[in-house]
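The structure under discussion appears below in the form of structure tokens.
Which chain is which? They are A, B, C and D, in the order written, and residues in each are numbered from 1.
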Amino acid sequence: MNEFSATLLTFALGAYVAGMVGALLFQRAERLANVIGFGLATAGGVCGVISFASALATGAATVSRSFELFPSLIPYVRFSIHADALGCFFGLIISLLAVALSIYSLGYARGYYGHKNVGALAALFNALLLATTLVFLADHALFFLIAWEIMALSAYCLVSFEHEHEETRDAGVLYFVMSHIGTACLILGFLLLFQASGSYGFDSFHALGDNMPAGQRNAVFLLFLFGFGVKAGMVPLHIWLPAAHPVAPSNVSALMSGVLIKTGIYGMTRVFFDFMGAPPNWWGVTVLTIGTISAVLGVLFALMEHDLKRLLAYHSIENIGIILMGLGAALMFLHSGHPALASLALIAGLYHTINHAVFKALLFLGAGAILHATHTRNMEEMGGLIKRMPKTAVCFLIGAVAISALPPLNGFVSEWLTYQSLLQGFGTTTSLIRLMFPLSGAMLALTGALAAACFVKAFGITFLAQPRSEHARQAHEAPFTMLLGQGILTAACVFLGLFPALFLKLFDPLTQQLTGQQLSQQLSTANGLVLSGVAAHGGTVSTLGLTLMLLCLLPVPLVLCLLFARRSKTRIAPTWDCGQRGLTPQMEYTATGFSKPIRMIFKTLFRPHREVQREYDFSPYFATTIRFESHVEEVFQTRIYRPLKWLVLRASRRLRALQAGSLQAYLIYIFVTLLLLLLFAL
Amino acid sequence: MNPPVSTEIGAQVITLMAALMLVVQLLLIAQRMLLTSIRLFAIQSLLLAAIATVVAYYHNASHVYVVAVLTLLGKVFFLPWLLNRLVHRIQIHQEIEPLLNAPTSMLICGGLTLLGYLVAQPFTSLERLGNNTLAIALTLLLTGFFLMINRRKALTQVLALLTVENGVMLAAVALTTYGMPLVVELGIFFDVMVAVMVLGILVYRIRESFASMDTSKLNQLKG
Amino acid sequence: MNLSPLALLLQTLLLLLLAPLLSGVIKNWKAKLQNRRGPPPWQVYFDIAKFLRKDMVISEHASWVFSFAPYVVFLTALLTGLMVPMINTPAPLSLFGGVLAVVGLLALGRFFLALGGLDPASAFGGMGSSREMTIAAIAEPALMLAIFTVAITAGSTDLSRIAESTQGATWKLLNPAHVLAFAALFIVLLAETGRIPVDNPATHLELTMIHEAMLLEYSGRYLAFMEWGASIKQLVLMTLLINVFFPIGLAGPGASAAAFGISLLAYLAKLLALSAAVVVVETTNAKMRLFRAPDLLSAAFVLATLALLSTFLFH
Amino acid sequence: MFIHDTLLNRLKRGCETMAYPQGAPPALPDRHGGALRVEAAKCQTGCAACVAVCPTEAITRPPNQPVALDLGRCIFCAECVKTCPTGAITQTGDHRLAVRRRDDLVLGDAGKEQLRLAAALDEKLRRLFGRSLKLRQVSAGGCAACEADTNVLGTIGWDLGRFGIQFVASPRHADGLLITGPVSKNMELALKKTWDAVPPPKLVIAVGACAIAGGPFVGHPQVNNGAGALVPVDLFIPGCPPHPLTILDGLLRLLGRLEESGRKT
């Protein structure tokens, strides 16, 4: 990292610290706290973006050295950071989001004036940004864990920000517990690594896996997969995610879904590709399988939601799955000795990481704007918002197209890269395992199509047709800062979609670091306008070209209109209601109705439960009131976690015997433990 | 005529027809109308006969012609006719709901196919004609068994048995160059033929006694 | 960059003009198989021309999305057509995207079509959108797996290259992988183009509709673009099927005029043959209940898996 | 699954659509009397025998005026034909009954003994609808007889689709309404809404005595005496119910696809 980047990085970190302190100092004056806290966060984000982007673009990231942030007084702990290519890439993601989210928060936080502590919100937000940036940059296992814990803690506080609701408190606790189970695994993993290398510095871990005995190495893999998997929200460790993300303030939800779960991806990439050396085949197979399952299950559960933010949260699980598919394929290619393909799959996964960060944050911001305007997350009470919040609607629509992996936006580009790597993967081995690639590809296709269905529902039910409630009818457009925040992310979606080749250059130092390959030249042809698969003639795509061609073809219908429809007029009339006395919002299709076919087709998974009660005077066909209730079973809660919880509680009840309540008893425990340890040491 | 090319064509045709046999098997699994199932079985047997003819032609193995003709007469014409008559006599045209629904059974059969291919993989180099015929033969066997388990009507179970036998015959024909003796093939053939006729009578009797073909009702026989 | 404006223009024209004719031919043949005389094959042109000239009535609840959707549907269908080789390889826009882009663009069109169905606040439209997205979603894995099978064989996702790689001796086209993948894609074709047994294009009963239900609110030129777009999509999918699996007679780069002529004739003949198959299926089957459609599509998925297994053994 | 028998059967049967309008129209049953011919000149002075027997008050004879028979109201029971002492009212057996103007249906006076058959649409509309006409059917309180006969046009024998005429589900797709029934008060709103929902230019076709004038329900407080009270009707097809051939003839005439003789142009 050169002087310029390093200075800016220091500025960025400083801005976060200042924002945190400033917001706390001025918490009595909430307007000031808001401006100072989120203003400084914006400034920090801008510095971060420039710093990380320039480090990646100039290749400075490849030659960066580790330096100590501040001296440590504790033995074994060094507060050193190292902005290498991988760290810079993830730093870029969080900085980019920091800019958009902080600007958005300036407007969003106004909704809390008078009844919540905005200063605390801003301070925690800055703390979260700071801690997460440090997680990406930490160069020392213990420092990493400290940053990781600060991140988890500030995220917990932010999730519980609206703690007056019971749902929020429960979600916060669930998040906290799951997060710590994960951290415990990480600690064990790092201890194993320490055992092998004798140091906690990340530089000593590099390619360490090659020198470790197989059993230990596999244990490290599993521990980190589990530990980071909890954070990333991969199935079946995801249950905290759809609980915690929706209840947080929307700017925080965006940050959590956009970046926080990506710390898990960062950790896996760091450990699997940087530390572990040449992987055995089953690692890749495991990651690919988990990715595929997460993707499909995530989107299926998302379809069943009619809480807009929960729906988005389940989509995070889906997208983590897609990212893991890229990483898993990359591991398999590394095993079979195809570094170029491994780089392609890795790029596909990481490109999807930044894409998901951008469009998911955008969608959460849109959901926040809607929540701000209608005071509900329930889609069944929305509708017709496109006329009341037109600009938010455009941003949300672009986000929806992007997340559904439709051309020409960014989601399509990264999924295209994933498909390409899966397709090329078939030829890398002759064993049966190669069937994994096309089958995962088919599941990816299923995921994409279901995601499109889900976002037709999300956008259609929320924004289109008639308002379904008074709140929705009274909705108003979001303030300028909130729109600006969404606008920045919308622009990022379009940019990442239309100009992938420009962005792919930033991956060169990264793949150079992790797989020793630079692919951006091979990946783009025709002056960077066309993206091509790595293999010769493997296939090309140009989102920009397609967009331009769409514009070129636009004259066709326009000329037809001119030729034929010159004199035709347009009249606005009521929707066709079959000659009845007009349509009411009650007659519109609901979110629950929209996903019913999917619920029926996958009923083995969802186990839908339906209850209909009618009250009628003389015949059930002329009901006066109908009460309809429909649930799907949360399979993971009921089948895995509930029995687990039951077991733990039962075990705890047994252990309660130990808790005698007398001081002597506790002293004996400590004494006995000490004796045992001493004996063990002998 | 260029001999190597024509052998290649022969292999291609055999593989294709074997694959089609598999497709017919899948259709059988999804099919609930009895008469249609019988016709599907006839088509499958026709494909088998055609494969036998092609094999006989390319290997100048005259005894395989015998197999082809017997298959044609017995399994394309006689047995379907017999079963058809039976369906008309017992007046039941539709299978009741199988144990597993169609998509699930389909996916299971996909899995069984995979298994078949896996098991046959070590032998593929042995074959000269039809690369994966043996794999398909095995798959027919496995899916035939699955079909027997999955269905409740005695008649479909008979059909399933017949498809298993088709699988065995396909394997025999495919490995014909390694000298599966004609006697064995004929033995299997007549064995099954007699078995089916006995079963046919049995089906009729079950229907008479229980007013149903549901074999799960046979447990009422025990005292 | 080898974009030939002439080829682009010609293929655009061919797509625009041939698509309604193909729909008309299918309707005519269907009528013939029902022992009717049937509308003339060029009836669809008359319909489209009339819709273009008529006034429009637009729902008061609809937003700009409703007006935007017909253009998206029409243009994406047209654009995908330019990436599929029709009478010569490479297709004019081969460079801009292969089969993945084709699937993606069609999905984009469907996305807006479904939004257009939801926009006017009519229950029928919502129902149509819901069903369309469901059917598309369960057809997608079979589609992608079948495409993967051919793409793996060809080592490319570029449709022109796939077509070129399957060119060769005719009997080679009879390999099981090919035939099974074709069967899988044929089923997907029926689902994607809204044909019996998945959807009934001629139904009048709103509750049985899928595709039509989304169009109930459209009128005038928007309806014309929707119908035309749907017919272009049908032509594109059928072209994809015949030229990927039976690229017989397809002219290569730099072919002579005579080769182009033969290619055009062969193309039309294959198109008619495939249409005949569609007509036979539509005439001899009843529409399935909505919840039976997954059975059919899971059969397509299994067929595609078998196709993949066959390639697995061959190479 | 097994399609060969179906297909073979279909192929063997061939085209079963009637040759009309290229060929001769199908034979009509004996009971079908066809259009009425009214020669008021033949009437005896003061005779009102037919007025008395007419169940729908279709025949009027105000004092000192010639008898007038409103075919729009007529249910073709032919009681008047039997009753008339001078044979002034006769059955012609002609299936062609559709007219463009309501007045044209009133027969009797000199020069108006016979129906003036429907003229085609003007050139502009004919160019628009001549080859493609989508209709939305509105059954406005009908008894289902006219609807059934309209439905017959969709069968393979008649195959309305071959003319590019089609019934559609949504009025947005329609070019016109085909109305049957007397338009009861309950259906009034529905009819108006359907009319409003059709994008212009649009046509209205009233089929049957009810839709033209209320038929047997004429004058009842719960009916509107036909579609004409609510929407402008472009084509009247009288009958109770009209024979499918009559309806087809009317539609084709409207589109200018039939000559006077009844053959296709």
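Basically, a contact is a pair of C-beta atoms (placed from the backbone, for glycine too) under 8 Å apart; a residue touches a chain by one contact, two chains touch by 3 or more.
In this text the structure is predicted, and so the values were computed from the model without any measurement.
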If I rank A-C and B-C by number of C-beta contact pairs, which comes first? A-C
Measuring from the mean of all protein Cα atoms shown, which chain centre lies nearest? C
Sort the other chains by how far their Cα centres are from that of chain D and give me the top one. A
What whole-number Å value describes the gap between the mean CA coordinates of chain B and chain D? 61
What's the distance between the Cα centroids of chain B and chain C, rounded to whole Å? 36
Intercentroid distance (Cα basis), chain D paired with chain A, Å: 66
Note: chain C residues in touch with at least two other chains are 49, 53-57, 216-217, 220, 294, 301, 305, 309, 312
Flagged in chain D as touching 2+ other chains are 170, 172, 196-197, 199-200
Multi-chain contacts in chain B: which residues touch at least two other chains? 114
Residue set of chain D touching chain A in the complex reads 138, 170-172, 187, 189-191, 193-194, 196-197, 199-200
Within their complex, chain D touches chain C through residues 3, 6-7, 10-11, 13-17, 128-129, 131-132, 134, 156, 159, 161-164, 167-170, 172-173, 175, 196-201
Listed in rising order, the residues of chain B that touch chain C in the complex are 9, 12-13, 15-16, 18-20, 22-23, 26, 30, 101-103, 106-107, 109-110, 113-114, 117, 121, 124, 131-132, 135
Note which residues of chain A are touching chain C in the complex, please. 383-384, 386-387, 397, 401, 404-407, 412, 416, 419-420, 423, 426-427, 432, 434-435, 438-439, 441-446, 448-450, 452-453, 455-457, 459-461, 463-466, 526, 529-530, 533, 535, 537-542, 545-546, 549-550, 553-554, 556-557, 560-561, 563-565, 567-577, 583, 585, 587-589, 593-598, 600-601
State the interface residues of chain C toward chain B in the complex, per the touch definition above. 171-172, 174-176, 179-180, 183, 294-295, 298-299, 301-303, 305-306, 309-310, 312-314
